[in-house]
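Below is a structure I'd like to ask you about.
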Amino acid sequence: MPSPVILGSPRASSAFVLIAHGLTRLYGDTVAVWRADLRTSSGEAVAIQGPNGSGKSTLLRLLAGLATPTSGTVSWAASAGASRPKVGYLGHASHLFEALTPVENIRLAARLARTDPDRGLRLLEELGIASWAGRRCGDLSAGTVRRVALARVLATDPDVVIVDEPFAALDPTAAGLVEATIRARCGQRLLILASHGDARTRAVADRLFEMCDGRLEERDTWSGALPAQTGSAG
Amino acid sequence: MNVFADAALLAAKDLRAELRSRGALVAAGTLGAVAFVVAAMAAGPDRAQLRQLAPALTWLALLYAAIAMADRLDLVDRRDDAFSALWLALEDRRAIYLGKVLALAVVLLVLQGVLFGLAVVLLDLPLSGEALWLAPVAVVAALGAAATSVLVVALAGASGQRTLLMPLLLLPLMVPVLLAAVESTGAILVSAPAAALQWLALSAAQAALFAGLGVLVYEHAATPE
Amino acid sequence: MSAGGRLSRFSRPWVGVVAAAATACTVVFGLFIVPPDRLQGDVQRIMYIHVPSAWLGYLGFFITFAASAAFLWRRDPRYDRVAVAGAELGLLFTGLTIVTGALWGKATWGVWWDWDPRLTTTAILFVIYAGYVLLRGSIVDRWRRARLAAVLGIIGFADVPIVHFSVLWWRGLHQAPTVIQPGDPTISHLLLAALLLNLASFTLLFAWLLVRRVELEADRDQVLAVIGESEPAA
């Protein structure tokens, strides 16, 4: 496993606190997220686990600012000097331009984010995909695209990293590289990961939440089974 | 100005994607050419009449190809939800609109060149030195068409009826650009470029209006949900 | 009712009865009491419907334009309800304008349609706002519908002056326009009175319909909110 190069973050000193309060998102009369509360800050890694369709992805989009809550609020408190956090988001899609190569995608993202493109490109080596760097993203395999997508997110040096299913579509070796990269790169950032219950996501996280039928609840330990509806909900 | 630098970056990205997408531009040019030939056939074989109709045929064919290209350029960002990443990355999201307008205007200029060349050859149009006046007409028409289309595609693309609503919403809004382009081209072809000036002003007004509106309201139109 | 007390007082049925009765009276006045026009004869009576319809069509679209801008600014759903009401009534009255204009054209010029600049601009406006209603119909999410419709409500109306000049110049190039002269001294005082009375009664009817339509939309939102407020299925 290559030793990860530490990305010097120019804004590493600015810490952010995320306060989500009563977040609710309805699609028509379908409930995706129901009165979710979450408070976390830079340096913390949060895992949200739950079955398919439990509302994890909608919650992540709400937190990232890519969806508007039906009710409730997402607010950010920042240490002095910072205003709004830069959010890096990786959902089910890759968010890559398929006609461009991994290198071009990362260069573009870095230039738009005013970060050094070369440091972002080193992530490709770290994630074991440097040999694919010159191909169109549209021609790459799902596992490779997933890693390029993560490299693009981290290349923008975000304060907040939100990843939906970080280890999906990856073989054990690739998953190990991704885990190592996340551990090495996201120590000071605010990290939120969602998955339907794999051990790797839990291993990375400091705090564990479970989601079922749109409700979010914090757990001390992973029950190993999907949670039954409890009286404390809501 | 960061917003213009970002817009240029994004436009370069769109153009690079188009150039690399294995013949999308060629397909759009061919589509325009086919539309032109079919429209000319529908108008009948009379040479003199066709020559008179040349501006209308050319610009209609271009409008047809423009709708297809506006749709395609929007899909560059929509595929694999690349748009969400742009939305979060940009400090000033107006760069997304401006970049797209710039890229589409460049593509439309290329298509105009192809179609006008086709019209000159097929309809045996007389070309004098005054034909140079067609250059500003083409540039302003491309900007007006692009500024309007990018805004409309953002609306139609977010609806459930993308392919139907896009031309439906776009065509009536494009009436001034189309009339201005047809009339000024006609005036230039009969060596009366002075008559093209007021049309050039009208087309420029549409480009300025929609660019201004786009800068103001694009973020509302493109907010992801 | 969220539509507010002042509005609902205006929407009481008797206001509608008064508006309808006033419209009926002025139509009778225009059809039977006012003498026929010296030059055009009975055909001129179409103007008593045509002119108020045209004014109200533009008023409706202007209301949509203003309410759309207000909606984007304030994000208050009440403005969206006003916008949709304005667009639908605008369509109704521009539709009437186009039909009556075509009837008048057939009787006067011998053709249904002669690319009269004002009528053509009105027809283009009709198509733009028909698109507005269709766009609304194709979007399920309430907020997204309001947001996108507001953008179209603004750009559709803002384009009117440019569309009008384009049609005017285009028409001027091909054939001298034959338009009705508004300041025609041959219009007698009685004719002018009939026109103004029709304008007033049509406008009253328009205002009543507008308020009713806004209330209907408010009721619909309330029903949807009641459905949405239910707890998620366990």
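Per-chain numbering from 1; labels A, B and C assigned in written order.
Going forward, contacts are C-beta pairs under 8 Å (C-beta built on N, C-alpha and C of every residue); 3 or more make two chains touch, one makes a residue touch a chain.
Given the structure is predicted, the values throughout are model-derived calculations rather than measurements.
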**Complete:** Of all chains shown, the one whose Cα mean is least distant from the combined Cα mean is B
**Message:** Taking each chain's centre as the mean of its CA atoms, which one is most distant from chain A?
**Reply:** C
**Message:** For this structure, I'd like the pair of chains sharing the most C-beta contacts.
**Reply:** B-C
**Request:** List the centre-to-centre spacing of chain B and chain C in whole Å, with centres computed as mean CA coordinates.
**Result:** 32
**Request:** Quick one: report the Å distance separating chain A from chain C, using the average Cα coordinate of each chain.
**Result:** 50
**Message:** Taking the mean of the C-alpha atoms as each chain's centre, how many Å separate chain A from chain B?
**Reply:** 38
**Asked** When you check chain A against every other chain, which residues touch at least two of them?
**Response** 68
**Complete:** Multi-partner residues in chain C (2 or more other chains touched) are 140-141, 143
**Asked** Going by the touch rule set out above, which residues of chain B reach two or more other chains?
**Response** 223, 225
**Prompt:** What does chain A use to touch chain C in their complex?
**Reply:** 26-29, 31, 34, 68, 70, 213-215, 229, 234
**Request:** Quick one: which bits of chain B touch chain C in the complex? Just the residue numbers, please.
**Result:** 151, 154-156, 158-161, 165, 168-169, 171-173, 175-176, 179-180, 183, 198-199, 202, 205-206, 209-210, 213, 217, 220-221, 223, 225
**Request:** Enumerate the contact residues on chain C facing chain B in the complex.
**Result:** 72, 124, 127-128, 131, 134-135, 138-141, 143-144, 147-148, 150-152, 154-156, 158-159, 162-163, 165-167, 169-170, 173
**Request:** Report the residues of chain B in contact with chain A in the complex, numbered from low to high.
**Result:** 6, 9, 13, 16-18, 20-21, 76-77, 79-82, 84-90, 223-225
**Fill in**
So, in the complex, the side of chain C touching chain A is made of residues 140-141, 143, 224, 227-228, 230-234
